[in-house]
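Each of the two complexes below includes chain A, the first together with chain B, the second together with chain C.
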Partner chain A sequence: MTETVIIAEQLTKIFKRKQGFFGKVVKKKAVSDLSFEVKAGEIVAFIGPNGGGKSTTIKMLTSILYPSSGNASVLGFIPWKNREKLVRQIGVIFGQKSQLYYHLSPMDSYCVSAAAYNLSSREAKSRIHELAEQFEIEDCLNLPVKNLSLGQRMRCELIASLLHRPSVLFLDEPTLGLDIEAKHLFRSFLLKQAQKEGTTVFLTSHDVGDIESLCQRILLINHGKLLLDSPLQNLKEKYGAGQVLCVEKKSGKIEEISLQNKEKISELQKILSAQTFSNVFVRSIDLETVIASIYRK
Partner chain B sequence: MKPYFLAVLMNMKEQLQSSRGGGVFLIRVIFLCCMIVIFHKFWLVLKAGESSMVIDPVSFLSYLTVGAGLQFSRPEGRVKEIEEEVRTGNIAYQFIRPVHFVLLNFCECLGIYLIRLPVLFCVGAGMIYLLTGSFLPINPIYVPIVFGLLILSACFASLCMVFIGLSALYLYDPLPFFWIVQKCEYVLGGLFFPIIFYPAWFQKVCLMTPFGWTGYGVASLIYDFSFEKAFTVFLHLIVWNALLAGALIILFKMIRKRVCVYG
Partner chain C sequence: MDKIIYYQKLIKIGFKQAFALKKVFILRILFMILNNLMLLYAWYLMFLNFPIIHSWTFNDFMFMTGLVILTFSIWPIFFRGIGIHLMRLIENGELDSFLVIPRHVLFNVGCSVCDPSGIGDFITGVLLIFFSGLVSFSNLPLVLCFIFSGICVFLALNILISSLPFFIQNSSDVGERIFFMFFNIAGYPGSIYTGYLKLFFCSLLPIGFISILPVELVHTFSAVTLIYLITASIFFLSFSIFVFSYGLKKYESGNRFNIHH
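This part shows the complex of A and B:
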C-alpha cells in the first residue's frame, strides 16, 4: 500500500487584524476545515484564485504558519511542532525567492546549502554533478548567478532544493516569468526527477501548462475551502474539458454544442436537418476555461 | 557550525568578486584617504598654535584609521536586505531553511567586515606613512591583538545591523534608528576625536555605553597599548556582544511568533 505523506485534517487558519490603534479585532478565515491526503510519489496541483488560501495552506504544511485549528502531518511530522526535523526532509521553491548568492556561482551557494543539510563534501559534489548533468547545466555551475538566464537560474534553484534528496517538494509558482522553452525544460526535468526518485510534488501554479504536463491530481481551493479533489483526467471528463461542436449558421452566428450535453443533441439534429448552417467544426475547450468556470461556480 | 563558517567565506568571496561591491568599497577607501589628509592638515594647524598636545599627529591619525576603518567597513546594504525581507514577509521563507536566520545574517555581515577592515587598515597605515614618514605607533607584535579586538567590535556592529534590520517589523522604516545608532557611534565612540578630549563626566557616560568600547576602547590601543587595557576592552566587548546577541534572539523569537501566528 502506498504511504500517505501529507495529511491535512480540518485545517483552519483565522487571521486576526486590529483596525486602528483602539479599533476592534477583525477575524478573517483564510483556510476553513481543509482536509486531504497526498500519497508518496504523487504529483498534485494545489490551485485556486488569488486570495483563495493556497499560500496559507502551503505555509502551514511547511511549518511557517501555525493553524488556528485542525491537524496536519507531513512525512509523519506535525509541521509546526517538528520544524527542524521536517525542513531537512522537504524541498521548497517559493516563486522568485532565490536561495543562491547573486554574485557567486551556483556551486558556491550549493556548498553552503549542502553544509546546512549535513551532506559531506564528497556526497554533495557527486549529487550536484548528478543533478547538473540531468538538468543540462553543467556549464553554468561555476558562472556567477547574475550571468545566468532566468531558465538556467530556475534549474539551479531546483538543484538547490533537491540537493538533500527531499521526499516532498513544495513548489509555489516555479515557472513564473520563464519563457515557453524554459518552462518546457523545467517541467520535463522536474517530472524526470520526481519519477526517478519517487519524490512527492505539491505544486501551486496559475499556469495550466504546469498542471497539465506535471500533475495527476488537482486540489482546487477557493475562499479557504476545498472545492474539488479529483484526478486530472476525471476533471476534464466531468467538466467538459475536451471538445465542443461549433455550428456556424448562415447568418454568421456560431452556436457551440457540448458533445456531452444530451439535451443539446436534439437541437443539433434540428439545425442539421434544416440545413441552416454554413460550416461545422470541432473546438477544444482547454483546462484553463474549465478551471475558470469552476472558480465562477 | 560549518554552514555559518562557509557563509562567512562566501561573503568574503562575494566582496572580492562583486564589481558593484568593489566600486562602493573603492569609494570608501578614497574617502578614508581624504579624511586622513584633511585631519593631518587640521592637526598641523592645531600643533602650530599649541606646543604641548595631548596626542601626537601620528597617534591621532592611527586612531582615526582604526575608528573610521570600522565605520567605513559597515555593510549597510545588509540592513536594507533584512528590512526588505521583514517588510515583504519574505522572512517567513527563511524559516524553512535548516539554518538560523540571525546567525546566518550575522556571519554574512562579518564576512564583509573581514575583507573591508584589513584593506582599510592597511590603506590607512600607508597614508599615515606617506604623510608623516612614520609607521603606526604600536609595536607590530601587538597589531594582531588589536585586530582581534577590532573583529569583536565588528561582531557587535554586525549584530547591530541585524537588529536594526529586524526592527522593521515594529518600526516599518528603521532608517531613523540606524541614524541614531550611527550618531551614537560617532559621538559616544569618539570617532573623530578620542573621548579623552571630552569632559570627565561625559567620558564616563561614553564608557557606560557599548560604543565607548567598540570605538574608542579598541582604537585607542593603537597608540596606547597595554595588556591590561586590552583585556579590559576584551571583557567589555564580550559582555556587550552577549547582551546584544541576547536581545537579538528575543527580538527574533518575537518576530517568528508574530509571523507564525499572523502570517
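This part shows the complex of A and C:
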C-alpha cells in the first residue's frame, strides 16, 4: 500500500486584524475545514483563483504559518510543531521569494544551504553540478545574483531548493518568470525526479501547462474550501476538455456538441439529417477554459 | 558541531556580502571609530570641569564606555539581522525563506547580515577598556564575564524589541528608537542612576548590567553580585528567545517579491 505523506484534516486559518486603535477585530477565513490526503510519489496540482487559500494552505503544511484549528501531517511530522525536522526533508519553492544573496553568487548561497542541510562539501558540489547541468546554468553559478536575468535566477532558486534531495516538494508558482525553454527543462526535470526518486510534488500554479504536463490529480480550492478532488483525466472528461464539434445553423446560431455526450450526438444526427446547418467545425476546449468555468460556478 | 559550522558559514557569507561593497565597508569602520572618539572627547571635556561625577572618575567612565561599545559591537558584527531588519521581515511577511531552512529562525536571520561599522565599535571598545587603567591580568576573567553578560543583555533587548511586530502592527520604527534609547541610557555614567532607578536598571531593564554593576565589581568584588549578573543575563536572553518563539505563532506571511540583501 502506498504511504500517505500529506494529510490535512479540517485545516482552518483565520487572519485577525484590528481596525483602528480601539476598533473591533475583523476576522477573515483564508482556509476553511480543508481535508485531503496525498500519497507518496503523487504529483498533485493544488489550484484555485487568486485569494482562494492555496498559498496559506501550503504555508501551513510547510510550517510557515500556524493554523487556527485542524490538523496536518507531512511525512509524519506536524509542521508547526516539528519545523526543523520537517523542513530538512521537504523542498519549498516560492516563485516570488528568493533564498539567494543578492550581491553574491548562487554558489555562495548554495554553500550556506548545504551546511544547513548537513551536506558534505563534496556531496554538495556534485549535486550542484548535477542540477546546474540539468537546468543548463553552469555558466551562471559564479556570477553575482544581481547580474542574472529573472529566468536564470529562478533556475538558481530551484537548485537551492532541490540541493538536499527532498522527498516532498511544495512548489508555489515555481515557473513564474521562466521562459518557455526553462519551463520545459523544469517540468522534464521534475518528472524525472518524481519517477527516479519517488518525490511527491504538491504544486500550485496558474500556468495550465505546468498542471497538464506534470500532474495526475487536481485539488481545486476557492474561498478556502475544497471544491474538487479529481484525477486530471476525469476532470477533462467530466467537464468536456478536448475537442468540441460546433454546428452553425442556418439561423446563425452555433451549437456546441461534446463528443462524449451521447444525447447530444443523437441531436447532432437529427441536425445533420435535416440539413439545417450552414457550417460544421471543430473547436478545442483546453484545460484552462475548463478550470475557469469551474471557478465561475 | 554542524550548527557551529553552519553559523560560521552564514557569518562568513554575511561578511563577504558586506565586503562586496569594499569602500563602504572600510568607510563605515573608520567613521564609527571617529564617531566614538568624538563622543569620548566631549565627555573628557566634561570630566575636566567635573573630575568626579557621583564618585566616578573619567577612567571609570572610559571603562564603562568601552564595555558598552564592545558588547554592543557584537550585535552589528554577528547578529545585525536581529533588530530593524528582522522587524521589517516580520512586518512585511518576509520570514518565509528563513522558516523553511532547518535552523533556528532568529539566529538564522541574525547571522545573515553583517554591518562593518561594528568592527569600528569593537576596536574602540577594546582600546577604551585597555586604556581605562582598570584592567589587569588578574581581573581579566572578570572583565570577560562582563563582556559575556553585556552581550546577552544587548542581544536580549534587541530580540524583545524585534518581537514587537508580532504583537503590534508597524512597530519597527518605534522599536528601533526604543533600542537606541536603551543604548543611550547605557552610555551615561552609571553612577548617575541611584535609588529606585538603579534598582530598575539592575533588574527589570538590565542596562545596569553593562553600565553600573561592572564598574562597581571592579572596585569592590562581590561573588554574589557576579553570579547574579551572569545568571540574570542568561535568564533575560532565554526569556527574550521564548517571547520571540511565542510571537512566531502570530506571524502572518505576506506575498511581496523579495530577495536577500
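Simple rule for what comes next: the second predicted complex is superposed on the first by the 283 of 297 C-alpha atoms of A that agree within 3 Å, B and C clash if a C-alpha of one lies under 4 Å from a C-alpha of the other, contacts with A are read in each partner's own complex, and residues count from 1 in each chain.
The rule is simple: a residue touches a chain if its C-beta (ideal position, glycine included) is under 8 Å from a C-beta of that chain, and two chains touch if they have at least 3 such contacts.
Computed from a predicted model, the values in this text were never measured in an experiment.
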| message | Do chain B and chain C fit side by side on chain A in the superposed arrangement, or is it a clash? | response | clash
| query | Regarding the shared-chain residue A:Lys24, is it in contact with chain B (first), chain C (second), both, or neither? | reply | neither
| said: So in the superposed three-chain picture, is A:Val145 touching just chain B, just chain C, both, or none of them (first/second/both/neither)? | reply: second
| In the superposed arrangement, which partner chain does A:Lys196 touch: chain B (first), chain C (second), both, or neither? | neither
| message | On the A-aligned overlay, A:Val112 touches which partner chain: chain B = first, chain C = second, or both, or neither? | response | both
| said: For A:Arg122, using the defined touch cut-off, is the partner it touches chain B, chain C, both, or neither? Pick first, second, both or neither. | reply: neither
| Where does A:Ile64 make contact in the superposed view: on chain B (first), on chain C (second), on both, or on neither? | both
| query | Of the two partner chains, chain B (first) and chain C (second), which one does A:Arg296 touch, if any: first, second, both, or neither? | reply | neither
| message | In the overlaid three-chain picture, which partner chain does A:Ser98 touch, first (chain B) or second (chain C), both, or neither? | response | second
| task | Give the one stretch of chain B, out of 39-47, 129-137 or 201-209, that collides with chain C after superposing. | result | 201-209
| note | Overlap of chain B and chain C contacts on chain A, residues 15, 56, 59, 62-66, 80, 83-84, 87-88, 90, 92, 94, 97, 99, 101, 103-104, 108-109, 111-113, 115-117, 144
| remark: chain A partner, complex, touching residues on chain C are 2, 5-6, 9-10, 13, 16-17, 20-21, 94-97, 99-104, 169, 249-253, 255-261
| Residue numbers on chain B that touch chain A, as the complex places them | 2-3, 6-7, 10, 13-14, 17-18, 20-21, 90, 92-93, 95-99, 259-263
| field | chain C contact footprint on chain A (complex, rising order) | value | 15, 18, 55-56, 59, 62-66, 80, 83-85, 87-88, 90, 92, 94, 96-104, 108-109, 111-113, 115-118, 144-145
| note | So, in the complex, the side of chain A touching chain B is made of residues 13, 15-16, 30, 56, 59, 62-66, 80, 83-84, 87-88, 90, 92, 94, 97, 99, 101, 103-104, 108-109, 111-113, 115-117, 144
